[in-house]
Every structure is written in structure tokens, then in C-alpha cells.
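One chain, chain A, appears in both complexes that follow, with chain B as partner in the first and chain C in the second.
Coming up: the complex of A and B.
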């Protein structure tokens, strides 16, 4: 009789994360195709339409990249926090609080130079994201409360605050029954660079480089790795592990808050529940697939942005937009399963 | 054929391009204690991991009770009665002793745990209640529980990977008696890995020697071989140096005045009025059974523990209220006894671990130069002959000895003025011990003031200019090396001073 058993591999291929992603993506396309076939749609037609409408022209490509901005920024934030081996499930809330902070500063300040105004509002978004993670950060470093739970909880709280603001104090009378805050003035809209591509994409590139530098090339990144590896070694080395965790969390939250600011200033132009369509959660998938590597997050985030644009346009031919979500989620599943095979090995065992 | 309970033939195993094992043979006789000797990185742990099914060999066959085993994994090895105690503890810290002992599904004392625990805690002279959680136990007690775990899951072949490395001399002696009882009364077959020839001689009947992944001596009868034979097999060459102590001491580099450290919870003095002075060019040895305040003393001098009273001066500068970093800036190095977990961060690369001491000196503002750190690691690897797969590899893929060399090298390369070395050679082979002793002496001659905490009396006598004996948080006796003799130091370690 033959039995299959699992063995841990001693050496793991360095590019394994990349291969896992690639194979995971192929598996996801395959699963998507089956679902399309069940619905009597041709997968080839559907996917080629998706491809054409998401990257086929300057306009569609810029729409895709605009969608990628919040995924990338929030994903980068998650990866920075993961350097100290902590998880940020609260990017969604941080995106919203970032946007709320932008609106708050917009309402309460008077700045004449538009470029300075925009700059101040972007900073406000970053600070808003940091504020959102402040309480989880404090409870983590002071009392050791699990950050997965607290950051998740802040999502619900911030969402509640958003609903309250847009139905109450900030409700725009002109929007009739639709709950939303008033639009911000055109002078603070983020400019576009090519086609519809928002200036936010340049910020996104800059922050990808920043995150890459911070994690991999800076003294702070090194200190975060040691603190994440062993709290005792950190103490021994004179590294304040709690301080590093605290700062990493504030920076990571700020990245997501900045995503909210860019979303408001370039897409929605007002605070509403539409500031984020689950970007903060998809960003967790993006960060996890890439093994928390900033450059990978940039690429996978862009791909996922294109996927969701592709998903929303194929609705026109009667295919549900959820096909894009299915592909995103299956990519993570596929990638995790493949990563498992890079880490473990299955062997046949003969029993006599 | 019949005589062996376990036979491993022609076992080969490679990791990347390291040949960890090459055509290794290994035989065990039922009810006997076997010694396994070999330098750091010789392949001892790898062989044990293969016998217990954790690693799969590329080549070779394993027979248990003369039955060929097609493939072993941890589960089937355990069913066949093979159990292993690893070099590092594998206990669940937050669980009780009882839970840890009964966790295995092959636990045979399901119904009569109490009696079994009583019986074996007597054999191991262990006097703690089974309800206690592991984290409350001393290192020696943990080691006993690790071994007892094998008995509870009915292991007939017990593979013990350096169990004595963490034990005090007394505990080691106790373990010798316990293992003797197990082999005689329960017919347990035991493998003991150790770097100490004395232990191999006292514990075992048969001895195997490994060198560079090969078995260079099989089944020698322990009583028929000499220490010189064994060392020659292990090393190829013997170099025992007599250290010149005629060095002259310079200015005082480290002084400790009326140091007191209290365990606030139990209102118990862990350190009581410690006064010490170390001059440039001197090695001061601290002798004592572990757990008498040595770890706390080292942590206080290095700045890790801050809640104490008394004064600490480095180069006549009062650093009592200063942190770890400013003490390092005054050029203090600390080699902690806990290598992986304190000195080195697990889960982090060799490269990152290599710069833990000096990164804040070589940094350029916020920038950490990759090429500079790589060069730094390379100079460590060359100067201290460290074997490491590559700079990105995770630190725990290094063998115990190579980890210690990396840690030592990192702490010594910048020529520190004051060195605290805690158990610097624990668990290392004779060659590595010699290398590390030479490094310390070389540092001494360069003018470092060295405080060496050790349980190894040979080491203390060999290197120290003075020996202080610690007992229950006090320095109970001090000896100039010329007036010291092993008996008096040993008595002082037991708290007997006339």
C-alpha cells in the first residue's frame, strides 16, 4: 500500500513568492473560466474584452492605474507594519479616516495657493490614517493587546463615524437624500498627468520607493527586523522594540490614510461611503501575495487595479463584476497553496 | 546481525552544497549508552534528525530490530520507539509539566500519570509539582522534562543532543545516574551527544566519532580508548596551549561598587553587595553554579537590566544610569549566554545578525549601506572562520558553533575595552573552544578588561588572572590564580567557605 506524507523542505527557492503568484494567477484565471463557462459565456471573449477595456487604451490604462493607487499605498502600509511582525487589518478604516481628515482640514482652513493647499490636505490624509491606528498602536505597545483585533475593530468604528458625518454635520443639502458631504472645490482636485491618470500615481511611485528604502535599505528597517525577530535581542542591542513597533504602525496607517486623501482629491471629490470599495481589505491580499515586498506590491496592486476596472466594464455584456473579485481571491488562494508546495514536499511512503 | 536494535547504513545527506553526512554507519545495542563525539558542524545533529524522521536522507538504509524501514517520518519513528531531545528546548512554555508530558498521542501513562511522574521524578531527582508551568522552571529542570517526555511516549531509543550543555556540573552528575538507571532498569537504548570527553567517558559504554560529515570511528569501547585517541580522531591535531599569565595589568577599566539587585516580587536579593574591579589586560573569572546571580550581573553591567542600586564605572565614567547604547559607545561588548534569542535574533538573516553591535557606528544617517554591511560580514567570516551558506540565510541554519563564532566575532572585531563573556564556549567542540580562548587572550593582550562567567572550571583556571566565586548572589571568595586550587573553588561554589 502506498501512502502520501508531508516533509518540510530544507531549502526554499528565493523566487518562490513570484512563481507562486504566477501559478496562483493562472489557477485563478482557470477558475474564472469555469464559472464563465457555467454561465454560457466564452472565457476567451470575456477575458480579451476585460484586457482591452482595462489596459487597451490610454484612458482605460489610466483608469486601471488610478484604481491601483489605494491598493498599492494601503498594501505598502501593511508591509511596513509587518516588518515588526504585526498585522494591520485596519487599512480600510485608515483610508476613510484619511479622507475625513482631508475634509476636516479643507472646511476649517483657508489657503490661497492651490498647490500648498493640496499638499496640506495630503499631509492631513496621512495624519488621519496615523490617528486611526493610534489606539491599536498604544494598546499594542503598552498592554500587548492583539493588533489584529483592534485594527479590525477600528474599521467598524470609523465606518460608523463616516455614516454619522455624512448624514449629520457634513451632510450636503444639495445631494438630496444621498448621504454625502459637500464636494471640495475644484482648486484642490489633484491634477492629471496623462489621460485621466491622476497625479496620485506619481505620489504612489514615490511612496513605493520610500517603503522599499525604509524596509530594505534603512537603519530603521534593520531595527524593525531585529525587533520583529526577537524582543530580547532588540533590548540587548539597545533597540527600543516597542518604539519601533509604534512608529511602524503610525507610518503604515499613514500610508493608507494618504490613499484615502488621494481617492477623495482625485476620484470622489467628497466624503461618502464610496471613498473605498474594500481597498483596505484587497490591499491585505496584495501584500500577502507578494510576501510583503514593496516592489511586488506595486506590480500586483497595478494588476489588481486593472482587474477591477476590467470587472466593472464587462458588466456591459452581462457578466457579473464579481468575476474580478473571484480572480483576486483565487490568486491569493492559489498562491498560498503553491507557496505551501515550495515549503513542503509530498513523498510516497510504502508501508509493508 | 541480531545484536543491534538500530542500524543505519551508508547514510548521506546534503544541504545545498554542504555535505552534512557522507556514507555514515551507526549501530545501537539495546540497553546500552552510546556516546557520539564530533566537532561543531560534524553532522551529529543531522544524523539524529534523520534517525528521528525529521530529515530524509538522500541515500542509505535504516534497520530497526532488523527490519528495514523504507521511509521514516517523525510520526513513524516515534511509533517505532525512537525519541529525540533537541539541542534547543521544544517544550510548550505556557503549558504545565503534566500537559507537556502527556501531549503525545502515544503517551502510555494516560491512566496512571501520578505514579509514573512520581517514579521518574525520583529517578531524575526532580522536585517540582506537575502542575507547574514550564516557564517557571530552571534550565536544568526543563532539560529533565524534555528527557522525561521521551519516557512518557514510550521511546525505547533515546537520542539526546547535547543535553548536558545547559546543565551545571552537579546536574550533569545527576543526569549520569538517572540515565544509568534508565538503561539498566528500563533497558532504554541511549545516544548521548556531548563535546566533553569527561562525560563521554563517565556516561557511555560505546563511542562513535564523527568528523566533517563522516563517521571516523565506530563502536569503540569507551574504556579502551584514551582521551588523546578521541581528540585525535575528532580533530586530527591536538593543540593545547598553556596561557602565559605574566601580562601586566593597566588602568582600571570596569569597576562595580556595592551592587544590589532585588527581585521585587519575592523580595529576594538576587545580587548582594557585589564589588568588582577589572584592569586593562586582565581576565577575571566568575565561577559558580548557574542560577546564583551570574546572568543578572552580566545583564546589569551591559545595561539591559536597569532597576538596581550601586555604581558601575567604565573607564572611570559613571554609567550607572546609562543605557545599553551609551555603554557600547564606551566600547563595552557583551557575549550573552543565551546565543539564539538574546545574542542573535531568530528568523532574521545572518547579515542582519552580524551587524547588531556596530550598525549604529557605521550608519550614514538613516542609511544602512548594503555593501558596507556585506563587507563587514565578510571580514567576520574570514577572520573568525565562520561557515555560513550565504548572507541572506536565516541565522538558525548555522550550526551551534558557527553561531557562537559569529556572535563572538561581532562583539570582538572592534577591539572592545571591556568584554563581558558569559559561558563563551558552552556546547562548542575542542577546536572551537581553543579558538575562542585564543581570541579572548589576544584581546586581553591588546588591553581589554575581560569578565568571563563560566561553569567550566578548566576554562576558568586556564584563562583567568583572578577567580571570584559567586554563591547566592554574593562573591563568597576570591582567589589569585596562583593560590587557587580546584578543591577550594569547588567548595566555595557549594557555599562552603571557612
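Coming up: the complex of A and C.
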């Protein structure tokens, strides 16, 4: 009798993550097409319009890359925290608290040099993100409380605080219909590089290299991997696993907080609910799909940024912007399915 | 006068608790088999929108419940396929299930935003404004009684039946279970789909009764609170129900504090359930010192080493 059996492959193709992503993306486009067809929309027209309006000109390309900045930075933060085998589902909240910290420092300080002022505000954003993950980090390393649930819940808490601030203490009386804080002054706007591309993109490149170095080349990165492995190995190696986990979480949260700062200083120019449109959640997909690799996060983050821009522009022809979210999530599901075939082998076995 | 308020509070507590409890009970069953499904929020959302759409289009409330439950269960089978059959990371798959569920339900519900239900899920008796405790208990809608029934039967099934013992064995030690001839993958697959069905029922309760209209992201984190409730309940149905009542009470109490003379910003009121959930998790973890009662194999994909 013949039987199908599963074997774990001895070696996994180095590029398997990339191939899985690519095939996953094709599967996702296919799923997106079916949804469009059900809604009586032509997939080819819709996708070509998305493509044209997201990368077809300098302006649209820079809009796409601007959108990619928070996805990449938050994704890098998630990947750093994952070095110690922990999850950060709280990037959305960290982005908001980063922006809140920027506004708080902006209101309460007086700095004459614009460049120093911007620098201080960016640092404030980073610190805000770290502060946001502080409680989940403490409860994780001290008491062992599940960080997935605590980081997620902080999203709802920080969002509530944002709503409170923009309807209460920070409410801009000039903004009538849309609750928001007052605009920051033009002197602290982040400059643009080419077209509308924000200076934040350069920061993004810098932090991608930084994250790559931190994770893969630095002593701390090595220690993080040990700390995320078996507890005994960490003890033998003399590594304080809890301390590494704590620091990794604060750095990761800071990356997302910086994303919030850049979003405020280059896009919204004020604290509002529009600081993030689910960037923190999309960043989870971006990080997971690349196997937590910083350079991959940069590339996939850029692609997903374009996809989000494409998704928001096709609303004008009556297609829901959620199609972009669905394509992003389906890409990861598709990639997971393909990854199975890279890690396992199905063989026919003769049974006796 | 204060009595009427207390009765109202009790009524609201039970309703909020029902919603949380059903989803938590489903997750409990899934986790008992060793599968962690972080997609509860997405599954509730799918059940909620599917039930609501069916109710609007057919005005048949029981068909709506059925469709809501089935769609969530089918949706959960994606997680079962990816984690049980294809042995991929359960955390990643569950998270994406939540993201996909929220996006898909928003897309499906786009044309239903703001529409009101004509045939809402009503009380099983003719009492619509209960005035005493007995009336509160006999005036809930059908899903409340289903939830009570599910609580009792799940506890019995887990403790007394072969299926329950098998489920527990698989979740505690899948390798030994496999060598004893138990069908690990099949058990886990079923448990995941059952968890999805329960989340769907919770979602249906949300849109057909609790808040009888549809808006984006209306689950507002309840799926995550349900996940916390499973930990709170130590993977035991009755304790999970107790936790649900406690959280339901808080959800019902906080907006009412104003009528009792407390001045609170409504924005701060909204975040209290999440703050309290974190606090409860911390206190519980300190109190139990690591012995949470979690199934030992949770999150670990089962792979039969070839002998």
C-alpha cells in the first residue's frame, strides 16, 4: 500500500522566504481579482489604475514612499523585538504616542534653531514609542505576562488618550468638524528631498541599515538571539536574557514612535486620529513576511506603501480601499502556504 | 428608583458578558487542543457582518445566526489549514486572521454602514423592560441561553467524554497522543473550526442584538479581551464565565458611573476595560506564579518524526 508521508527537508533554500513572498503576492492578486469581479469591477482596469497612481509619476511615487516610512520603521521595530522571540502588536499605539510626545515637547519647549528643534522632536517621538511599550516590557520581564495581549491592548488605550487629547486639552478651536490638535509651526516641518518625498525617507534608510547592523552584526544582536533561544544557553553564556528582552522592546517601540514623529512632522503636521491608518498592523505583516529581515522589510514596506496609496486612490472609482489590506494579508497567508513546501517534503512511502 | 438602575446594570452586565464569554469559550476549546488562535477579533467581525447582512436581506433571524456561525467557522479553517495541516507559525497566522477578518468584514459591510435592523433578536419572553432579577434572567434573547447551555455542555464534554479527554491529551502532549493512535491533526482541525463557530455566534450576538447596526471595527477589541479571559479562567469554562461576568459588569458599570454622581470624561471611560484587562493579567500572573493552567503544547506545531 502506498502512503503519503511528510519529511522535514535537511536544507531549506536560502531564498525560500523571497520565493514564498513572490508566489504569495501572486496568490493575493488573484484573490483580490476575484473580490473585484464579484463587485462587478474589472481587475485589470483596477490594478493598472492602482499601479499608475502609486508609482506612475514622481509625485505618486513619492507619496507611496512616504506611506512606506511608517510601515518600514514600525516593521523594523517589530523585527528587533522578535530577535528575543517576543511579539510587538502595539506598533499602532507606539506610533500615536510618538506623535503625542512630539506635540507635547513642541508645546513645552522653545528652541530657536529649526534643525536642532526638529532633531529634538524626532528624539521625543522615539522616546514616546519606548514609553508606550514600557508597561508591556516591565510586565513581561518581571512577571512574565503575555506581551502579545498587553501590547495589543495598549493600542486601544493610546488611541483613547489621543481622542481625549484632541477633544479636550489640545483641541484646536479652529478645527471645527474634525477634532485635532493645533498645527505645529512650519519651522519644524520635515523638508522634502525630491518631489514630495519627505526627508523622513532618508531617516528610514539610515534606520534600516542600523537595524540590520544591530540584529545581524552587533554583539548585542548576538546576545538578543541567545536571549531569545533556550534559557539554559543564556545562563551558560552569562547573558541576562531579561535585560536583553527589556532593551530590545524599548528600542523596537522607539522605532515605531519615530514613525509617528515623522508622520506628524511631514504629513499631518498635527495630532489627529489620522496619524496612523493601521500602519502598526500592516507593519506586522511586513515584518512577518520577510522573516524579520531588515532589508526585506525595507523592500516589502515600500511595495506595501504603494499598495496602500493605490488602495486609497481607487476609492474614487467606487472600489473599497480595504482591497489593499486584503491583498496584504492574503500575501502573507499565501507565503505561509508556500513556505510549507520549502520546509517539508511529501513522499510516497511503501507500507508493509 | 435605584432598584431600576441596578436591574438595568445587571441586564447590561449579562449582555456584555454573553458576548465576551461565547468567543472566549470557543478560544478555550481551540487552545485545549494545543492551537493558539489570535484571530478571535477577526472571526467575531466576520460572524457579525455575515449575520447582519443575512438579517437585513432575508429578515430571517435564525438563518442569520446560522450563516454568521458558519462563515466564522469556515474563516477559522484558514487558520487550521495553515497551522495544523501546513504547520506554520500560529502567532503569525492568527494575527493575520484578525487583520484579514477586519478588512474583509469592512469590505463586505460597506453598503450596510448605518443601516438599522428591522428584525432584531428579541427577548424569548414578552418582557422587554425587566423590573426584577427573575425577569432579567428570563428576558434575555436566545443566544444567552445557548451560551449557558454551551458553558455546561463544554465543561461536561471536556471532563466526561472521550472527545474531551482526547482533546486535552492532544493539547498536553501531541507526540504521546499520536503514538497512542489519536488523530492529532483531525482533533486540532475540528477544535479550531469549533472555536471559529463560537466566535461567529458572539459576532452575531453583537450585530443582531447588542448593537443592532453595522460600522467598521465595531468589535473594538472584544476579541482580545476574550483571549485574556481564557487566561483569566485558567482554561476552565465556569471560571471563564465568571471572568466574562466580571468584565461584562465593568463594561456595563463604567458608562453608568455618571448617573451615580461620578464626573468622568467619556474618553477616559472608554479605555478603562483595556487598562483593567492588563491589570487583571498582571495580578493573575503574579498570583499564579507561572502555573497558569495552559495546555503544555500550545503554539507548538505537531510534526510526526518519521520512525
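Worth a mention:
The working rule: the second predicted complex is superposed on the first by the 337 of 352 C-alpha atoms of A that agree within 3 Å, B and C clash if a C-alpha of one lies under 4 Å from a C-alpha of the other, contacts with A are read in each partner's own complex, and residues count from 1 in each chain.
Keep this in mind: contacts are C-beta pairs under 8 Å (C-beta built on N, C-alpha and C of every residue); 3 or more make two chains touch, one makes a residue touch a chain.
In this text, all values refer to a predicted model and were calculated from it rather than measured experimentally.
When the shared chain is aligned, no partner comes close enough to touch A:317: not chain B, not chain C.
By the touch criterion defined above, A:26 reaches neither chain B nor chain C. Taking chain A as the reference, the larger set of touched residues comes from C, when chain B and chain C are compared. Once chain A of one complex is fitted onto chain A of the other, the partner contacts of A:44 are absent, as it touches neither chain B nor chain C.
In the superposition on chain A, A:340 makes contact with chain C only, not with chain B. In the superposition on chain A, contact is made by A:163 with chain C only, not with chain B.
By the document's definition of touching, neither partner reaches A:58: not chain B, not chain C.
Legend: residue contacts after superposition of the two complexes on their common chain; A:238 is shown touching chain B, with no touch to chain C. By the touch criterion defined above, A:150 reaches chain C but does not reach chain B. Residue contacts after overlaying the shared chain place A:218 against chain B, while chain C stays out of touching range.
On chain A, the surface touched by chain B in one complex and the surface touched by chain C in the other have residues 5, 7 in common. Of all residues in chain A, only 5, 7, 10-11, 14, 217-222, 225-226, 228-230, 232-238, 347, 349-352 touch chain B in the complex they form.
The touching residues of chain C, when paired with chain A in their complex, are 38, 78, 81-82, 86-89, 91-93, 95-96, 99-100, 102-104, 106-107, 110, 220-221, 224, 227-228, 231, 265, 267-268, 270-271, 274-275, 277-278, 281-282, 285-286, 290, 303-304, 306.
Across the complex, chain A meets chain C through its residues 5-8, 35, 87, 89, 135, 139, 143-146, 148-150, 152-154, 156-157, 160-161, 163-164, 167-168, 281-282, 284-285, 288, 320, 322-323, 325-326, 328-330, 332-333, 336-337, 339-340, 343-344. Residues of chain B that touch chain A in their complex: 15-16, 55-56, 70-71, 73, 76, 302-304, 323-325, 328, 334, 336, 338, 341-348, 352, 355-357, 359-360, 363, 366-368, 370, 392.
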